[in-house]
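Next up, some structures in structure tokens.
The two complexes that follow have chain A in common; it is paired with chain B in the first and with chain C in the second.
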Partner chain A sequence: MHHVLVEQWSRRASWLHRRDARGKLLALVAILIAIGTTRIDAHAALAAYALLLITALLAARLPVISILLRSASVLPFTGTFALVSWIAGDAPRAISLLEKSYLSALAALLLISTTPLPRLFAGLESLGVPRLINLTVQFLYRYLFVISEQAQHMRLASRCRSSGKNNHGTRSRFAAATGSLAVLFARSYGRAEGVHRAMLSRGFAGHFPLLAAPRFTLADGGFLTAAIASALLVRVGL
Partner chain B sequence: MHIPDGFLTPPVWATLDILAVPCVGILTRRAQRATDESKLPLLGVLGAFVFAAQMINFPVGPGVSGHLVGGTLLAATLGPAPATVVMTAIIALQALVFQDGGILCLGANVFNMAIAGVLAGYLPYRLLSKRKSLALFSGAFLSVLVSACLALAELLSSGVKMPSGILGVSLGFFVVSALIEGGITVAVVKAIDRLNPAWVPAPQQSPRRQTGWIAVAAIVLAVAGILFASAAPDGIEKLSSDLGIASQTKALFSTPLADYDFKALPSEWLRKAAAGLCGLALIYIACLGLERLLRRRALPEA
Partner chain C sequence: MSALIEVRGLRYRYDDGTQALNGIDFDLRPGDCVALLGANGSGKTTFVLHLNGLLTGEGFVKVCGLPVTKENLPAIRAKIGMVFQDSDEQLFMPSVLEDVAFGPANQGLKIEEATARAHTALTQVGMDWAAAKAPYHLSAGEKRRVALAGVLAMDPEILVLDEPTTYLDPPGQRELLKLLKELPQAKILVTHDIPFAQSLATRAVFFEKGKVVAEGSVSQVVGQFDWHL
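Take a look at the complex of A and B:
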């Protein structure tokens, strides 16, 4: 799965990787707000944000080109709307839609490729995200790959059974897809019960444990201040 | 449709973030009461199921296929509040980890799909508990349509321009995908029900059926209204100026909220947002008072 690469990036070591997740989350929100409130014709400011983000990528010793390419995954959606805006005669907005959504995606990608997810979720929880939602997100992420794999196996099996041909009618293929989805649901339900039994036997205390308790140090405060200050400087100055 | 960052203007995303936070808070608390500790992994694993279910393609017609969105299926199997929690988790994970949908407009996406989408999907299911297929179909249909129309309305009111031809085509596209979602949801929930009826619990009978129908009608009207209002923001003003009543009404309605403006606040959008919120609060208080009054009249002996 494509996400494994980001997981690997997030486990590298650099000054930016060592910063506390809460500081990085707040810094992300600051730069996103700065990008979001910039006027649509302020191309200099948008270029400055890009420069800031690329500097951070270099400081985190991440592969700049592949991250820049990966952020382009927003462009199909944005491109469609940019095209529609262009047709409607609003070319400046079309360009700004592309710029702003690309930069925002790049900023978000920078966060998750410098922060391991367990730390990110712990940070979110201490910033006030309800425990139930946070636990659900973590369980979801843990079993996402397992259940997707199961879905792929089932699809492969059904293609093998029909020897790769689609010579059945739409109705029977629809029924087959329905059946496999119901079976996938049943298996997920059973898996959740098994997961709960395993949790009980291991003494689950209401949280996924972290290897080390998160600490907000002076360096984290410095990083957050610097990030907010530079975002503000670009927003007001350019 | 996950809206990425950079599309919505600050007033739109900020308002929806402010709106979504308490809604999610309340629904999470309800979900916490409804699910015991043993169901904790179930929410996450079923979220993963919905994620994975989108890989299974349903042939719908020649060359056309769709996939499940899942809000109504979750509401029918888990109940509305836990379904909202699961959908919120899915949307948050997609925004944070997969860059599918923005982070500042997380509130907007959560509101469209997890709150309005799930509740619009569950209401018909609860009201029509005798005719399950119809209920599921209309629930899933409404759910997708409401989410998509809200997203479109938010984009339009953020100033993204769309020629009316494209607007019409996308509305038609929404209706088709809502119909597909309806068909898939009915088929899959029925199949799950055959495997184990306990997985699709019957909704609690609502004692106040009429209230529910009024809510459904209100949702439909509100969404249609929002869509029309954002597509033609100055429709009413234009109408009144065409009819020549604008000059007379200005004097009549010179209230503190006139033209949705607050003079004391510095920036324009802040003023408009504050005025809008005050208006909503006033309407809410009026409704609350009316409800008290009606209840007292209905129970004279109490």
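Take a look at the complex of A and C:
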């Protein structure tokens, strides 16, 4: 699965992997702001951001081509808006929209490919993201695997009971898909109750313990400064 | 020897009107390993959910001398380790270590102590190598072991295992059996796995329509209800 691969990358060892999640999160925010506020005709600046991000990928010993390709998964979504701009006669804005969204996705992918999720969530929490939201996202991610596995089983069961011919028509296929969604929803609800029960059994009283407080070292400070300075330099200089 | 668990006249009706428990009397003594047998829907799981206050019915339930009341729940939940049928429901934290340390940390132990307890419990079940892994990267057998470590880390006096052999292959079942035999805690097994119950349980209780209808050795109870495969 796509996200499993990204998680495997996040557990590799490199200088960038070892950096504190808060430093990487703030660096991401800085570069996203820089990309977002760059002029639409400043192609040199956008190329420089790309160069910075590719250098970081190489430093983190990540598979550059694979990550560059995966970053393109954002394009079908932003492509719609780019198309609207294009049709409206603003071609430079359309191109810039594609470039900026691609670079933003690349920067976000760089972050999650170099930071294991528990550390990323701990970093978000210590930066002030409300714990409830943080935990909800964690639960969502955790049980996404379980629910997607259930969906795959249901699809397999459905295929086992079909004749193999695609002769049921769109309407019946749609009905089957919506039925499966309803079942998945009901099962997810049941699972949520089960999880809550398991939490209560182990003494949960509304607070999730955090095992290790993240440490922000001098090297993390150096990394953050360098990242912000680079983004600023490109933003202002090119 | 005083009973670790004492249940008298326990009744419970679900919101939809189903009478799940209909006057249960039950005792668990130190060193006991009791298998709860019976058909699906006979009330076994509903019964064990009353032992740590997850469900509350009419009647009297006492655990380690403490009545199961709202005030006693933290103490009672520290004494009863409950391993659920579906390990995915029990492993909810992002990493194995955090999950196993969840219970001890909730008991108020310092982070270092909770972490040390988690490592000890993981070593006990042979899973310390997976401490940094995410739970969804584990096999069904490994998840079951980690779930067990999660309750052992709380140092409970009683273990309740709901269908412990579900999803486990024969070697996994054998390993679990060996592990459970080594654990000193009193145990309650909710199971349909008769060979497993025969290998581990010192006593069996048979549930039927929310009542205990027979009690004795596993072989006696299984023979009485023709519960063989």
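Going forward, the second predicted complex is superposed on the first by the 203 of 238 C-alpha atoms of A that agree within 3 Å, B and C clash if a C-alpha of one lies under 4 Å from a C-alpha of the other, contacts with A are read in each partner's own complex, and residues count from 1 in each chain.
Heads up, the rule we're going with is that contacts are C-beta pairs under 8 Å (C-beta built on N, C-alpha and C of every residue); 3 or more make two chains touch, one makes a residue touch a chain.
A quick note: this is a predicted structure, and the numbers were derived from the prediction, not measured.
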{"item": "Touched partner set for A:Pro118, first chain B, second chain C, both or neither", "value": "second"}
{"item": "Partner chain(s) touched by A:Thr178 [first = chain B, second = chain C, both, neither]", "value": "first"}
{"item": "Partner chain(s) touched by A:Arg142 [first = chain B, second = chain C, both, neither]", "value": "both"}
{"item": "Which superposed partner A:Ile133 touches (first chain B, second chain C, both, neither)", "value": "first"}
{"item": "Which partner reaches more residues of chain A (counting touched residues only), chain B or chain C", "value": "B"}
{"item": "Which superposed partner A:Ala88 touches (first chain B, second chain C, both, neither)", "value": "first"}
{"item": "Chain B versus chain C as contact partner of A:Pro209, first or second or both or neither", "value": "second"}
{"item": "First, second, both or neither for A:Met199, with chain B first and chain C second", "value": "both"}
{"item": "Touched partner set for A:Ser101, first chain B, second chain C, both or neither", "value": "first"}
{"item": "Common ground on chain A, meaning residues reached by chain C in one complex and by chain B in the other", "value": "117, 138-139, 142-143, 146, 191, 195, 199"}
{"item": "Sites on chain C touched by chain A in the complex", "value": "49, 52, 54, 74, 77-78, 80, 82, 84, 86, 88-90, 92-95, 97-98, 101-103, 105-107, 111, 114-115, 132, 134-137, 150-151, 154"}
{"item": "Interface residues, chain A side, partner chain C - complex", "value": "4, 7, 11, 117-118, 121, 138-139, 142-143, 145-146, 191, 194-195, 197-205, 207-212"}
{"item": "Of all residues in chain A, those that touch chain B in their complex", "value": "3, 6, 28-29, 32-33, 35-37, 70-71, 73-74, 77-78, 81, 84-85, 87-90, 93, 96-97, 99-105, 108-109, 111-112, 117, 120, 130, 132-133, 135-144, 146-148, 150-152, 154-155, 170, 173-175, 177-186, 188-189, 191-193, 195-196, 199"}
{"item": "Chain B residues within the chain A interface of the complex", "value": "2, 4-8, 10, 13, 24-25, 28, 31-32, 35, 38-49, 51-53, 55-62, 68, 77, 85-86, 88-90, 92-93, 95-100, 102-104, 155, 159-163, 166, 184, 187-188, 191-192, 194-196, 199"}
